[in-house]
Amino acid sequence: MALLILLGVPLFAAAVLAFVGDRKVAPEINILGSAATFIAGIWLAFEVYVRGPMLSGGKSFFVDEFNVYLAVLTSFVSMTTAVFSRRYMRREREHGRVGHVGMRFYHAMFQLFIFAMLLCLLTNNVGILWIAMELATLSTVLLVSLYRTPTAIEAAWKYFILCGVGIAQALFGTVLLYFAAEKVLGEGGDALLWTNLSRVSGSLEPTVLSLAFVFLMVGYGTKVGLVPLHNWLPDAHSEGPTPISAVLSGLLLNIALYALVRCKALVDGSTHTHHAGDIMMGFGLLSIIVAAFSLLRQKDVKRMFSYSSIEHMGIATFAFGLGGPIATYGALLHMLVHSLAKSSIFFTVGHASQMHWSQEMDRIKGLIKGNPLVGWGLMFGVMAIVGMPPFGVFTSEFLILTATIKDAPLWTPLLLLGLGVAFAALFRKVQPMVSGDVPSYQKPMKVAHLPVMLHMALVLVIGIYMPDFLNQWFHKAVALLR
Amino acid sequence: MNLHLAAQIISFLAALVLLTAFGMLVQRRMYGLIHLFAWQGLFLSISTALVGFVAGKHHLYISSLLTLTLKVALLPYILHILVQRLRIHKEIETVVNVPTTMLIGIALVIFSYHLTAPVREISTLVTRSILAVALASVMIGLLMMITRKHAVTQIIGFLAMENGLFFAATSATYGMPLVVELGVALDVLIAAFIFGIFFFHIHTTFDSLDVEQMARLKEGD
Amino acid sequence: MTIAPFIIEVLQFVILLCVAPLFAGWAKMLKCWSQGRTSPGLFQPYRDIVKLFSKDVALAENASWIFRFTPYLVFGSAVLVGGIIPILSTDLPLAATADVIVLVALFAIARFFTALAGMDIGTAFGGMGSSREMMISSLAEPAMLMAIFTISLAAKSTSLSQMVQVIYSGQSLFRPSIAFALLAFILITLAETGRIPVDNPATHLELTMIHEAMILEYSGRHLALMEWAGMMKLFLFVSLGIAAFFPWGIAPAGDLAAIPVAFIFLLLKLCIAGIFLVLIETGLAKMRLFRLTEFLGAAFLLATLGMLSHFILE
Amino acid sequence: MSEPIDLAFSAIILLLSAPVIAMLLNRSQHLLITAGFSLAVAASALAVAAGVWTVSNGTANKMILVAGLPDLPFHLRLDPLSGFFVVVIGLLSLFVSIYSIGYAKGFLGQRRITSLVIFYCIFIAGMFMVVLADDALIFLISWEVMAAASYFLVMFEDERIENRRAALLYMVVAHVGAIAILLSFGVMAGLATGFKDFSGYTFDAMRASQFPVEWAAVAFFLAFFGFAAKAGVIPLHVWLPEAHPVAPSNVSALMSGVMLKTAIYGIVRVTFDLIKIFPWWWGAVVLVFGLVSAVMGVLYALMQHDLKRLLAYHSVENIGIILIGIGLAMIFASVKLPLLAALALIAGIYHTLNHAMFKGLLFMGAGAVLHATHERNMEEMGGLIHSMPWTAALFLVGCISISALPPFNGFVSEWLTFQAFLLSPSLPGSLLKLLMPMGAALLALTGALAAACFVKAFGVTFLGHWRGLRKPRVREANWPMRLGMVMTALVCLFLGIMPTLVIEWMDTIPGQLVGSKMGTSAGAFGWMWLTPITHERASYSGIIVFLGILAVVVISYLLLHVKPGTIQRVPIWDCGFEKISERMQYNAASFSMPIRRIFGFLFSIRQRVRPVGNGHSAFPKRIHYSLRIRDRFWGWLYRPVADVSFWVSRKVGRLQQGRIQAYLIYSFVTIIVLLVFSI
């Protein structure tokens, strides 16, 4: 029931918004819809907390400890983003960067995007998962090119082509999966259901699965933004409207990683080797290093933070690849806190760039004096993202690093290098933006307080006092994934 | 019509699909490309229908129909319109010269054959050998996207990949569940619309569909 | 606890205060003779001190309390040191108060304040003197500690009276380490007490003076105290050397009878030391400031050699 | 309040409530200053009480908070060691907070001090938490909170570019160090329980387990690197002289005085408490680093003409001295000489306490000078002793203490360290025996140079005439500042003349860590004499030395003033030299010239003399003299790292070169490679 609402609301809202278009009420409807989604998400979470994993809608939907928290996270961040985008997009509209078609389009697609992601999370079917993933891509492609500037179109094009190609690989992987599964489960729809696959994963054909994993890895890895498949990510983030950047790196990457991890669980169950894990560790580490060094030379603020998203996805991927109770726990936690912190950073960055009408970091100055919320928000957001306690990111990185030096000590120097460089780079860039005196061309403006505060508060709370139900879910998910 | 014969026909069709893929790889003229793409779609749908007949999977007929409408009729039509609208029926220059491309393509075929060998061992289906062809055409589609620097051709390459996938999905495995196939088809449709929109955007902003000029976003010093 | 040690303590103070100028006079006298001049006589230092005491103090306008406090402190620390070094006898109540490290530190604090006083008036000479003084001391102090540590390693103690007793009891006679240490100690004594070749107590030529430059602005009783403390410092270093290297005749714990003998011994040794000192001073010429590093480096090297030979040869 | 730890914890809570108060009082900054800093005073007092209590009864008591991960709640533990450091931190922060009430008033009207108050309190709280932490997670959290808070304090006057550079450098070094510490805890936790669950992260688990020696070495050196980066051990010290001077002076007092000590705490904790069993050469390594830091630190300090920079370099030196003590303790402990280990350890941590006090005092003094003259460059100063006598006297006390001169506290710990050195013959292994006296010599050199440096610092700043061109109106520091400094100075004196009492009190720490007490009054003498091993060996009585000097001074003074000797104020004589001007005084650069000549090879010095104005080049009217002294390690260590990483990032940037074909090729190649590897 909750599940149907959770999926239905965004779809419905999308339809409504498509009709409402660029009226004054559209943002409020948007907020309302995502709020409803969020409430449904809470409800679902509660049900799962009480009753444990559950199938519903025939066998086509499946909720367990792994995806429920991601579902809640998705609905929550989409809600706050909607709140944020109300002010932000209005200002963009006033400034004439988007027309009314664009606005109509923006709101409708936003909700559609949320729906796609929730479908990814909740479906029990590998095929549907793939479809929803593609849907998520397609629904955001045109949002990236919303501003119609040459660079925006270029970015959107790259996003479209690269993700399309990637996703195609994923489909091939899925086909192979089915190919292997039907031997065991017989033909027909049941052969693609998680619940069945994970049940029989032991008896699936290892060679086929390891083959399939390569394609799934490349496919979903492209959407996770792992090096060297990441090239679409910085462009799309820097050129699209900020709310979209927020949800892209806050949510979409998580979803893709979620799909990848599910597949890994299957493959491990079949092959009984650490092969898949090794591949993921390799990708993760490469992403961390490359992203860290790319951070050093950024000029555009949103671009920089998109690189940091790559880095953090790399960390999570690495940790999942590493496996083991501590690392997996850390990775799950990392997905959560990263998306909270990163989206709040994008909120502040969006306001900052509107205050200066530029995304060039050389022009953004004196934020703390200019607008304390934006300034301190950005400062603390960055401290959170680089893994300074008492924010939650530190906790997850702490677990991951310690687990690494225990299980894979030879990897640690590289990891250390990556984290150190990323830290230095981010601080070096952000410090001048927040500190110093207010430049003449900075315009004061009203900002959306709630989202930033809410996110930072949550990250902080998770850092110093993690609620027990989350802990239990993580433990169950860990048990699920090993 | 016995199984053996059907299998032979199907593999013959597979060969044709592969051939058309190669044809697209080397074809220089836009219309030629589109026609080849349509042909590939046709072979695809026939083989799908055939597999459905052999395996007694009636939902495969639906997907074959889908293929027919989408990839033989609709998409080529859209592309045709676009090409006319945007007046791009000039010769398409490739990044790498043709013979090299061919060689790479052949290497890919061999590679994918070698790759799917273990899978072929374990499968019992008549159509198991098709997997190699499907993989090959996916790879060739990707190769085509790499070697061409025109938006439309890239899209066609993309669709060719899609074809390969579809081939694998339907023929190699006696068809995925219907939901999945419908969804895939839907996605392809949406994709078609989106790139349609894109062509106009690109054309209006860059007044040509050459992707070479879309290289501004980079880590310049 | 008997009264005897306290008597000895007091005696030591008296000897320190009285004999120090005498020794300085003796050195001056010998020097004059060695240079073929007629000497002002053995008791000239007393006359100087008395004269200075009776004079008024001419104090620079901007002199702060540090400038006025320093002479008393320097004097005080010198006297205190006198209570620690076993000049006559080894059982001194104050001996336990401070070992040889503290002794070095006491000289150091005196120097610290002297240097501050040199900078207080704000003349170029004062600053120059303090700067050079601190440079020399920063090189001399480690060497001195090394020299003393050599002995205290032999004696397994840093408490002076203990060291004296050990050496006196003869179990560490004519060791190579001690010999090296002695050489080093002599060089350091020259440096610390501002004798030729390091500094020239007689000069007032601006660019060569070091210690004199710091106390240039002093007058009256302040100057008297400074001079007196300077003489005591010389005396103390010599008697420290005597105690550490030639302890014969120093009265062992507890017998008052040996005290007079010890006193005679002391005077003899002082005479010899004076002669020796003058020989060195007339033999050598004042060094350029930056050749002092070599001089003190040599001292440090000798001390180090002493310590090494203590570990290697013994 | 049943147990000490409750006191300490309530102190932390009190400090963490500061942000709320600051937010409430944000309108009225006057009130905020008073309220905020008196809050800090109260909290520090509580903490000191807790620490003193714990150390004196020598038992550990624990507390588990319902926070952190549900499986890994925050463990706190207050044992003698942490109690001692709580006292160190609390005592100084008590005095500094009093001082700050006066100091922060200087900012009124210029800038809002809300953030100062907030981060100041969080900073202190962080330091308390670090020494109380009993599992890896809370330790690192508090460690980084401390670092972050101090970072913001350094950034307080953030419109100055130098502040930002310093803060950034500081933050990066601190964070890299923190990661190293994290990894070392990772090693120990992993070995403790093999990561089946979260229990391995508690210090109890690490204490309980026995590490294989090579992994223990990995853990130790990771931790040592991390803590050394924080403590500013050469060559990781470069951030320190940048960050400490630019922070507000009360903050630099705390950073130099106590924040560095948390690193010392970490080293002692990890080495003696968690790892416990180690080979002697670890100690030798620590000793060598200590010696290098001590000597180099003081030499670099001598070359500075910025007062606060000079003090910062002296922190490097003193950290070195502390490490010498700890290194000796490790050596002795590793060869099972607990008594001597106890002596050396006491020497080390006693110097920790001392350095906290006198360095705090000195920075407060420097702050007062800065506050009054708005000038950090000594070359401009002079003669301040007349206009600010209190500050001068108190600063002098600090100078004497740090120069290790009796009867003040610096001397006691240095004396103990010397004693520890002289005990080397009782070691096995002739090489060690041989080398350790050299260490003693270097320590002596350090002491002497420190004295020289502070003659310079005090003389140039407070004595002589004002050297600057235009003399500002200098006013004496206000009462809260004086009060803070006076209390610190008194503690310095007390620690100097009453070492026995203090050491009796803190003797439980070696009892806990190396399994033997030092026993202050071995042998015949009473409480007045500090006699480490036996009374034949060595003994020192600070109080008698103090009273002795005092007595002689007083007596001679009285004797000389029985007849009223007249004192006439006269113009400066200066060998009858005519018309001397203020510009002719020796200044910082000229004072340190001889030593610069001697040890010049250690620095990168650029010295230029060029004639100014017209006239023949041989007879110039005026001469311009410029001197630049740089820290060699900057060029040796830091610049290369930066250059390399930028080079790499340029190369990496090539990946993102814009053409979509290239990107497609990437994914194409990726697939091929993966496929090749997975069949």
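We just call them A, B, C and D in the order they show up, numbering each chain from 1.
Keep in mind that, in the parts below, a residue touches a chain if its C-beta (ideal position, glycine included) is under 8 Å from a C-beta of that chain, and two chains touch if they have at least 3 such contacts.
Keep in mind that this is a model prediction, so the values were computed, not measured.
Chemist: Which chains share more C-beta contacts than any other pair?
Modeler: After tallying contacts for each pair, the winner is C-D.
Chemist: Determine the chain that sits nearest the middle of the structure, using the mean of its CA atoms as its centre.
Modeler: D
Chemist: Which chain is most remote from chain D in terms of Cα centres?
Modeler: Greatest centre separation from chain D goes to chain B.
Chemist: So what's the Cα centroid distance for chain C and chain D, whole Å?
Modeler: 36
Chemist: Just curious, how far off is chain D from chain B if you go by their C-alpha centres, in Å?
Modeler: 70
Chemist: Could you grab the centroid distance between chain A and chain D? Build each centroid from C-alpha atoms only and quote it in angstrom.
Modeler: Their C-alpha centroids are separated by 44 Å.
Chemist: For chain A and chain C, what's the span in angstrom between their mean Cα positions?
Modeler: Distance between chain centres, rounded to whole Å: 78 Å.
Chemist: Can you list the residues of chain B that touch 2 or more other chains?
Modeler: Residues 115, 118, 142, 145, 154, 211, 214-217, 219 of chain B each touch two or more of the other chains.
Chemist: So which bits of chain A are touching at least two other chains?
Modeler: In chain A, the residues touching two or more other chains are 157-158, 161, 165, 169, 207, 211, 234, 294, 297.
Chemist: Residues of chain C that touch two or more other chains: which are they?
Modeler: none
Chemist: Would you mind giving me the full set of chain pairs in touch?
Modeler: According to the stated criterion, the contacting chain pairs are A-B, A-D, B-D, C-D.
Chemist: Which chain D residues qualify as touching chain B in the complex?
Modeler: 650, 653-661, 664-665, 667-668, 672, 675, 679
Chemist: Spell out the residues on chain B that touch chain D in their complex, using ranges where they run on.
Modeler: Per the stated touch rule, the residues are 95, 111, 115, 118, 139, 142-143, 145-147, 149, 154, 211-212, 214-219, 221.
Chemist: Can you list the chain A residues touching chain D in their complex?
Modeler: The touching residues are 157-158, 161-162, 165-166, 169, 207, 210-211, 213-215, 217-218, 222, 227-229, 231-232, 234, 275, 279, 290, 293-297, 324-326, 368, 383, 386, 388-390, 394-395, 398, 401-407, 412, 416, 419-421, 423-424, 427-428, 431-432, 435-437, 463-466, 468, 471.
Chemist: Would you pull the chain C residues touching chain D in the complex into a rising list?
Modeler: Touching chain D from chain C are residues 53, 56-62, 64, 66, 72-73, 75-77, 79-80, 83, 94, 96-99, 101-102, 105-106, 108-109, 111-112, 115-116, 118-128, 130-132, 134-135, 137-142, 145-146, 149, 152-153, 156-159, 162, 204, 206, 216-217, 220-221, 225, 289-290, 293, 300, 303-304, 307-308, 311.
Chemist: Under the stated contact criterion, what part of chain D meets chain C in this complex?
Modeler: Spelled out, the residues of chain D in touch with chain C are 382-383, 385-386, 392, 396, 400, 403-406, 411, 415, 418-419, 422, 425, 430, 433-434, 437-438, 440-442, 444-445, 447-449, 451-452, 454-456, 458-460, 463-465, 525, 529, 531, 535-541, 544-545, 548-553, 556-557, 560, 565-575, 577, 580, 582, 584-586, 590-595, 597-598.
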